[in-house]
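Below is one structure, written out as C-alpha cells; comments come after it.
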Amino acid sequence: MNFQEILEKIKTKHEVLESKEDLGVLNAYIATAKIAAVAAFMKDELKFEQLNFITAVDFPANNAIEVVYHFFSYETADSVVLRIKLDRAKAEVPTISGVFKTADWHEREASEMFGIKFSGHPDLNRLLLPDGIESPLRKDYKNPDMTPLPKA
Amino acid sequence: MALLKELLYNSGKPLSEFSSWMHAIWAGWGMPGFLLDFIFQLVIVLAVTAVLVLNALWIIYYDRKISALMQIRKGPNRVGPFGLLQTLADTVKLLIKEDVNPKKIDILSFWIAPLIIFIPTFAVFLVLPFGNGLVPADLNIGILYIIAITGLSVIGILAAGWGSNNKYSLIGGMRSAAQIVSYEIPMVLVILAVVLMSGTMKMSGIVAAQSNRVWFVVPQFLGFIIFLIAGNAEVNRAPFDLPEAESELVAGFNTEYSAMKFAFFYLAEYTNLFLTSAVAATLFLGGWQGPFLPPIVWFFIKTYFVITILCWIRWTFPRIRVDQLMEFSWKYLLPLALLNLVVTAVILKF
Amino acid sequence: MIKYLFDLVKGIVSLFEGLGVTLKHCFRRPITLQYPEKRPDISLRFRGRLVMPVDPATGDNRCTACMLCVRACPNHSIDVEKLIGEDGKPKPKVSKYIYNLGSCMFCNLCVESCAFAAIIMSDEYETAVQNKASLIMDLAAEKYKLSGKKAPWWQSKFKQEEGA
Amino acid sequence: MIKAPFEMEKISDEEYILNMGPQHPSTHGVLRIVLKLDGEVVTGLYPDVGYIHSSVEKMCENKKFEMITPYTDRLDYLSAVNYNWAYVAAVEKLMGIQLPERAEYMRVMLAELNRIMSHLLWYSAFGMDVGALTPIFYAFREREEVIDMVEGMTGGRLTHHAFRIGGFKNDLQKDFLSRLEKFLAKFEDRICEYEALLINNVILTARTKGVGILDKDTAINYGVTGPVLRGSGCAIDLRKNAPYSVYSKFDFRVCTGKNGDTWDRLKVRMDEMRESAKILKQAAAMLPAGEFCAKVPRVIKPAPGEVYTKVESARGEFGVYMVSDGTEKPYRIKFRSPSFSNLSVLKEITIGSKIADVVAIMGSLDLVIPEIDR
C-alpha cells in the first residue's frame, strides 16, 4: 500500500486533520481525543500490529509538542506515522496503552521526557529519570547542573 | 625399614604395640592411664585436623586445576611452583582480612555458624579408616556416627542464613536445609544396603567385608550412583549448588560472610567434598585395599578418583531448579534407593 | 510410558554428551595468554590512546594547529593552543596540544579529520593512571616516538597498509 | 527510579519483597527488579530501570551528524555495528546517499559477525545464569576470533565505530576473507558442541521448557522483537520482512520456536548463529570489488524531514527516528531500542514461576541495560 491508499482507508472511518508524505511514509495528524480509537482501528482493521515507538518532538517556535506514533505492519511492511499536536503549556493526551501494551512504557518515557500527561495511563510513574528533573527533552530545558564540558 | 613397612602396610599392630609400650612406661612413672589416652587422642585429633586442612587446601587447588583443564585455560600458576601455593595465599589473605559484621545481624548465630559447620566436618574423620588399622577411633557404629554428625551441618547453614539478616542468605539457608534433609534419606538407605551386605556398621568391618569378595561397587552399582548424586547434593556442589547459587542468590548463605568466617565455610565445603568421596571410596571401592601400594596411598587414590568425577560433573552441568531438586530426590532417588535396599535384602536372604 | 522411558534415556545420553564435550576439551591446548609476559598481537588499525608522534624526518610534530580535530571531537577532549611567535602573531605551529584521555571515546574522528596526519591512535591500551589529573596530557610536549607496525603506516600518511 | 507500587500495597504475611539488583550477578548491568515472593514463587515483579540513564537523545541534539555515530556504539556495546547501521542509514536516507555495492556487502558481513559476537556472549552469560560455568570459556574462544577480525577491520574491539556516513573509512584488511573462511570452517562444529554442552542438556531443558511462556499475540502487543519474538513462533525478521541493504539477495532461514518458552528462545539464538554463518559465507563469495565509500559532502547537512530506519540487531528491532531541520545537527533523535520493549514483557511471563526462573527468563531475553536506559 502506498501512503495515499492508507490515508484513504483511515479517512473512511476517522477524520484526518492534516497529512503529509515524508520519504514515502504517511504522516497523519489526528485529533487528540481520537487517538485511542484510531490506534485500535489501525491495529484491528488495517493490520498494523506493531507499534514501533511513541515519542514527542518539541517545536517551541509553533508553541506545539507533537506526539509521534509509529506503526508498522508485518504483513505489508508498511509504516504509518500518526501525529498529534499539543499545546506546550497544557500537554495532555489520552493513553493508548489499552490498545497496545508496548505503549505503556513508551508513554511513560515520553511523559517524563516532555512533560506530557497521558490521561488514563495505569501507571504513569517515572521510568528513567530520577525525581527533580522535569521534561529534559524540551528545547527550552535548562538545568543548573548542566555546564558545558571543560575545554580539555 | 621393616618397621616402616609394617607401619605403612599394617598400621594397627605397631601402633597398638607402641601404645601399650607407652602405657607401661607411663604406669612406671605412676601416672593414671586415662591421662595418656587423653594425650594420645589429642595428638590424633590434631594430626587428623592438620592433615585435613592441608588436604582441603590441596583439593581447592585440584578442583581449580581440573576446571582449568576443562575450560581450556591454565588455572592458578603464579604463586609457588605451578601455583601450588595459591590456595595457601588465598587462605592467608582471608585470615588476615578485616572481619566485617553487618548491621542488625543476629550476632550469636552469625558467629557460631561457621564453627557449627566446621567442627562436625572434621569430627567425622575420626572413624574413617585411612589405612589398615589406621583409624583414629574405630567405633562399632562408625557409619551411623558419620550420618549423625554430617546431619549437624545443616544447623550451621540455617544459623548462617538466619543470622546474616539478609534475604538471600535466608533463602539459601532454607534451600540448604530442605536439600540436605531430603537427600540424606536416599543416602542412608543406600548405606543401609551396604551395611546389610557387610553385616557390620564398623567402618573397618565394611572394608574387611570387601576384601574376600568383590568391591561393593559391583553388586551395589545403583547404590553407588545414588550415593554419588546424594553426596554431591549434600556438599552443595553443582548441579546441586542451590544454597549458594551465584546467579540467583548472590552467594546464598555466605553472602554476608567475609574474612576468616568465610574461610571456615570454604574449608568446610571442600573438606565435606573430601569426606563424601572418602566415604564413597570406603563403602563402595574397597577402602584402603589394593595391591602393591601402601593402603593409605590406595585410600587417597580412590578418594581422589571420586573427587575427580564430582569435579567433572560440577564443571559440566548447569544448576538444577529448587522444585526439581526436591522432585528428583523424592520421586526418583528415594524409590530407587528403597528398591535397591529391598532387592539387596531379598538376595541376601535367599 | 514408552515416551517417558525414551525421554529418560535421551536425558541421560544428553548428560553424557555434555561430559564428553568437557572431557574432549581437557586434551585441547589452553587458550590462555599469560598476559603481562606475553602480549596480544593487536591489529594495525587498533585505536589506543591518541598520540602526536615526532616525525623522524623533521624532528618535530606535523601539527599546524588548524583546529580541525578540535572541531571534529564529539566530546571536546582536545584543545589546541597556537604557537605565538616573537612578533606576537600566531604561527601555524602548535604550542600546546591538550588531550583529555578521561573523556576520549576512541572514535578516531580527530585522526580522520587531520589533513596532515599529525595525530594517530597509538597501540597503547594500558592507559590506567593513578589520578585524574594525569589523564589530561599535553601531546605536543610529550614528543611521542611511534614505533612498531603503526610507524610506517603513519609515515605514509595512512596511505598504504603493510601486508597484514 | 521509583518505589515499586506494590511495595506500598499491603503484603500478606506469607509474602516478602526481594530486591534483585541494581547490583546483582544476573541482571547483567544496572537493572533493579523488585520481586514480591511467596517462598520461592514470584507473585509480583516490577522492573526498575534508569540507573544509567545518560540522556543520549539530548546529547545528540547538540552534536553534528557525523559525531553521533560513536555514541550509537555505546547504546548496545554488544552489537555496536548494527546500531551504527541504523543511525548511519537514517542520515543516508535523509541525504539520499546511494552506497556502492561493496560497502553494502561489507556492512552485511560486519553486522553478521557482530550478531555472532553478541549471541556468543549471550550464550556464555546465559550459561552463567543457569549455573554452568564452562560454556563462557568455549564461547569466548570463538568470540575472540570474531573480535580480532572486526578489530582488524575497524580498529575497535567493542565499540567499533565501524560505519561512517556513506560507507567506510577503510577497506577490509587484506587477510579478512581468509580469516573469515578459516573461522567459518570450524564454527559449525563449535555450535554443535555448545548445544551438546548446554542447550540440549536435560537439566537445562527441564529448567527452561514450559517456563516463561510468551505467546505470539502478547509478544506482538508488547512490541517484542528479535529472537524473543521469533521464539514465540512469529517468523518476523526485518532482514526478511522489510529487507534493508542487500539482505534480500541472501538465502537464509528465519528461525522460529514453537511454544514461546525459554528454551525456544535459546534455540532460536543458536540457530541464528548458524544462519549468520550461512549469510557470511554467501557474502564473502558475492563480495564485489570497487569503492567502499560513497561521495559524501564534506559538511553533512541533510534536507529537513523525518526518517525512521530500523535494523534487525542481535536483540531485535533497533530503530532511529530522526527529525532534521536542515542544519548540521539533528533536531531530534529517538532511539527505539529492542531491550526496552523486551524487558517490559518480563512481568507478563514471570509471575507464578520461581526465583531461578526469573534469572533464566531474564537471561533468555538477552537484555543490555544501556540501551534500555539510553
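Order as written gives the chain letters A, B, C and D; numbering starts at 1 within each chain.
The definition used in the following text is that a residue touches a chain if its C-beta (ideal position, glycine included) is under 8 Å from a C-beta of that chain, and two chains touch if they have at least 3 such contacts.
The shown structure was predicted, so the numbers you read here are calculated from the model rather than taken from an experiment.
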With centres defined from CA atoms, tell me which chain sits nearest the overall protein centre.
D
Look at the interfaces B-D and B-C and say which one is made up of more C-beta pairs in contact.
B-D
Rounded Å distance between chain B and chain D, as computed from the means of their C-alpha atoms:
46
Whole-Å distance, C-alpha centre of chain B to that of chain C, is 51
Starting from the mean Cα coordinates of chain C and chain D, work out the distance between those two points in Å.
25
Using the touch rule from the top of the page, what residues of chain B touch 2 or more other chains?
70-73, 315-317
Send over the residues of chain C in touch with two or more other chains.
15, 18, 21-22, 25, 31
Given the complex, residues on chain C that touch chain B span 15, 18-19, 21-23, 25-26, 28-32, 34
Quick one: which bits of chain D touch chain B in the complex? Just the residue numbers, please.
16, 18, 24-26, 40, 127-134, 137-138, 141, 197-198, 201, 203-204, 206-207, 354-359
Taking the touch rule as given, give the residues of chain A at its contact with chain D in the complex, in rising order.
22-23, 25, 27, 49-53, 55, 57-58, 68, 70, 72, 74, 77, 79, 81, 100-102, 104-106, 113, 123, 125-131, 136-137, 141
Once bound in the complex, which stretches of chain C touch chain D?
10-12, 14-15, 17-18, 20-22, 25, 31, 42-47, 72-74, 105-109, 112, 121, 161, 163-164
Okay, in this complex, where on chain B does chain D touch?
67, 70-73, 167-168, 171, 238-239, 241-242, 245-250, 315-324
